[in-house]
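Take this structure, written in structure tokens, and hold onto it; I'll ask about it next.
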């Protein structure tokens, strides 16, 4: 299918050019806390990482690991009651320090987001066209007619069949897979340099998921954007990502390339996840991780995983282990791994 | 889940102990704990308790007769000697009549809501659970009743029944059944799709048993919240009916009726004339604030 | 939107029919005696039977209903023995003022209520929200007839700036005409404001929690654009939970707005 | 993980062997469609389950796999009698669950039959009554069946222990437990009446991966210990294959393939099964799915395609597929498939149309 790749010329808010070798996104010590009745709940805890342009970072974590909260913090979508610390430097500008108005202008243009549940992410009382056009016009000075043309282009880009008909449709008239494509189209309105994807395939059936993953790969190739792809499924992360960051209880516990994580697993939690996962054709018992993820408002002292860890020692309980660099691509937060 | 950790260090042991779940607390216990922290709700509850108690113990609190007045003491102002809140157009002590009046006003306001809650919950939960044509018929009838303005319906029914406390209570009960049945029905519909209802059906339990043991406890909160909010309005509607002469028969004291009979004196003794209305307002707002506090405590969105 | 209004109006006819039937049924089932107020204290049982026959109450209920319905359709609403006049005559003298009052009250109440509720919902938890919430709980609790008396006491008896009763014509000038409307409209629309504000606030607050709102913000829309989306989603529960007879919604208990 | 106590469920005798008995569950040509109102004057029917047949032997696990809308959950509810069957029969140990005109059952008979089939539900939130304590939830089925207070209490304790919870958990409320613990309660309740057949409807889908394995292992252990028979329904192919002896693949209300789970993975025959397998993300090869993902959209169940329901998305679709509904044929011993590409006794695709030749190259 021949698809016209849209030009950036329509965008008013062009990010400054990046020095070669400079990461597109630098996250440093990012922490998000929410006030609760039983004290502060730390959803994101001292998270730091770099992301180069055009790369895909898979963020792997279970419910309550802080992976979605991290995406929302990067985008500045947290409620005003949240306490946020650290830096999110995108193209040399710190998103955390920005005014809400500046951040709002950058959202949807340099950086945009795809949500988990396509059934609830679209406004039910506006047509696909209305939702696309208002977004296009927010980030460009296109006329209404040109914006409609651009909307058509976007629907074609995300491979929606008979786009002219879907343009007039309301979300409830579309299937789940189709809606997720519309959500993706909305995120691509002004060719973002960074795309945040929050479990974009979790709510979809496997066969639909396979096609949406294909679409992500295809778009990344063509538009050259960097992607943070959050998922709870190790296999999905391994398929889509260049690098994987494993989150547990708000912290990154292990980070590395896909082979680093899958073959040279360093952290006991990652190993636990790998062994708990039932693989195709597996006949042996999966090895379960005992217990349940901790309450984020009442984290254990030291390593958060210690209460469930089969190899925990006294020192695991005493202080939080540092993120140890194993190779230049691989690091893990565990006292048992040796510096490489 | 047993977590057999080889390193059962003292830190680990201490943390595990601290991490053990809080003492089991049922839904109602949690609601009570939240209510205990709700200051507005407690003030409202206190005011209502005071109003109810003073209506019950009116004969002890005052020595005047609520019905027979002293013509010589007519239309005394607020703060007059012997008549703290003044007197009415027949020389009866206002405080006495207000205390006694609370009896009828509170009964006329609360009793219809209580009866209608029972009937409405029965009709609504039955219709929501059983479905079928009987249920559809019941709910369409409820919709029609609901479509009619409350006050007009109450006036129409009680005008046809004739005056008197019982008739007012009947009229208002009829009026409240429809909205309560609708609340109960929609709450039931939300509950019956839950998997635990299917689980209960799988045990072979019959419909009445499931309604009583599984459904009722779960539709209780929205119904209770709605009904407690309705009481505030019901106090006003009951007073409106007797203000219009459809309620109690004179000379029995009742706030709405008192307000009506004092209407003519507003140019002479305005602030005494406004007193019964203030009591209606006080009762109603206390019920409304209590209802909001209950809603917050039960954690029902609304 | 026009279709919705048309459908609602269309539904009003069967609803009115149903309601009239239902009330007739209720009156025949419920205890109570409509003749009590009409008969003198010393009436004999024979007087009672005579009165029943005179008023046609001896006929079976269905016959009476059909006869009454036929009369209504011909514009004959019957005779009021209490007021001793034809009902249609009573309606004729009152309908114009009532209609003006009801329309102005409903319009005023709905618009102020929507505005206040929206502001409170947008700024939930802030002081303006608390003001609106407190005001609406007062409005919900205050008997309108008492407010009317208070207004009379303050503006008519004490300050003497507004007329206590009567009415003016348009020929007296809009200002004079409005002077007669101020107090009744205020007293009558208070509860409309209160209920509308509460429902609108709840609906706005709930809609803001919907996931699509997060996407709107993630798209970079400005807050006022987000509010447009929220408003369009929130308005339908506010309007549709009210019956086909929207104008009279102020006499109805607030709907439980939990989902 | 807790080890199970050696003692078995005191309420049932251990099942041994299959000697000449009818299968535990036999589903015969079961169909169900739901009426939907398309407009005030038009009614349509959604065909949810269409002509489903399979058997479940004592002590084994049959898995049903398929995507949303394939009718697997409806099938479970039809078997359990939560929904009335339009057509067909469900036989439990040779006895028809539905009351027959020739052999009317008393309500007690039916209750007895029902008690032998229980279900573990999907959603650990919605499956437990939020207003009841864990003890009340687990003992409710026993209360309905007239157990004494002491029996109820004793058995509740025993069940809690069986599913790896502490006896103290009886006084907890659902919201005070984690997702994994709630699913254990869900299982304990299903076992309260010592059922022979337990239907697990997406029983682990809502759980975190690290907790999922705990529950899967628990289910396996309980099966070994108590001689349970499972009908295991899930959209997760890997999990179904691990849990099941036999797997049934469903598409749009119909069974398209059924065989033992090893064979299904080694040589899937139906094009839909192949697509499903190819679409499942794999850890082992990070190069993405091997086959092109399935094209097109799931057709509306209101108006399913004629003939083979999969033909609109099938890369091998032929003319005959639109005209005739393919029947389940035994392609190999114990490997049945409903596809015009296969003939009885052969697991090789027929090359019959040019379209097929192109796709195969």
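As written, the chain order gives the labels A, B, C and D, with residue 1 at the start of each chain.
Operating definition for what follows: contacts are C-beta pairs under 8 Å (C-beta built on N, C-alpha and C of every residue); 3 or more make two chains touch, one makes a residue touch a chain.
This structure is a prediction, so every number in the text was calculated from the model and none was measured.
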| item | value |
| --- | --- |
| Chain pair showing more contacts of the two, A-B and B-C | B-C |
| Centre-to-centre distance between subunit D and subunit B (centres being mean Cα positions), rounded to whole Å | 48 |
| Cα-centroid distance, subunit B relative to subunit C, in whole angstrom | 21 |
| Subunit A-subunit D separation of Cα centroids, rounded to whole Å | 33 |
| Residues of subunit B engaged with two or more neighbouring chains | 1-2 |
| Per-residue overlap in subunit D, given as positions that touch at least 2 other chains | 180-181, 214 |
| Chain contact graph, described as a line, ring, star, complete graph or other shape | other |
| Pairwise chain contacts, counting only pairs that touch as defined | A-B, A-C, A-D, B-C, B-D |
| Of all residues in subunit A, those that touch subunit D in their complex | 62-63, 175, 177-178, 205-211, 213-214, 217, 232-236, 238-239, 258-259, 262, 272-283, 285-290, 292-293, 308 |
| Residue numbers on subunit D that touch subunit B, as the complex places them | 2, 77, 80, 82, 110-111, 114-115, 117-119, 121-123, 126-133, 137, 140-141, 144-145, 164-165, 171-173, 176-177, 180-181, 189-190, 193, 214 |
| Residues on subunit C engaged by subunit A in the complex (per definition of touch) | 210-212, 214-223, 225, 229, 232-233, 236 |
| Subunit D residues touching subunit A - in the complex, by the definition given at the top | 1, 67-68, 178-181, 208-214, 216-217, 220, 235-239, 241-242, 265, 275-284, 286, 288-289, 293-294, 297-298 |
| Residues of subunit A touching subunit C in the complex | 72, 75, 77, 104-109, 112-113, 115, 117, 120-126, 134-135, 138-139, 183, 186-187, 189 |
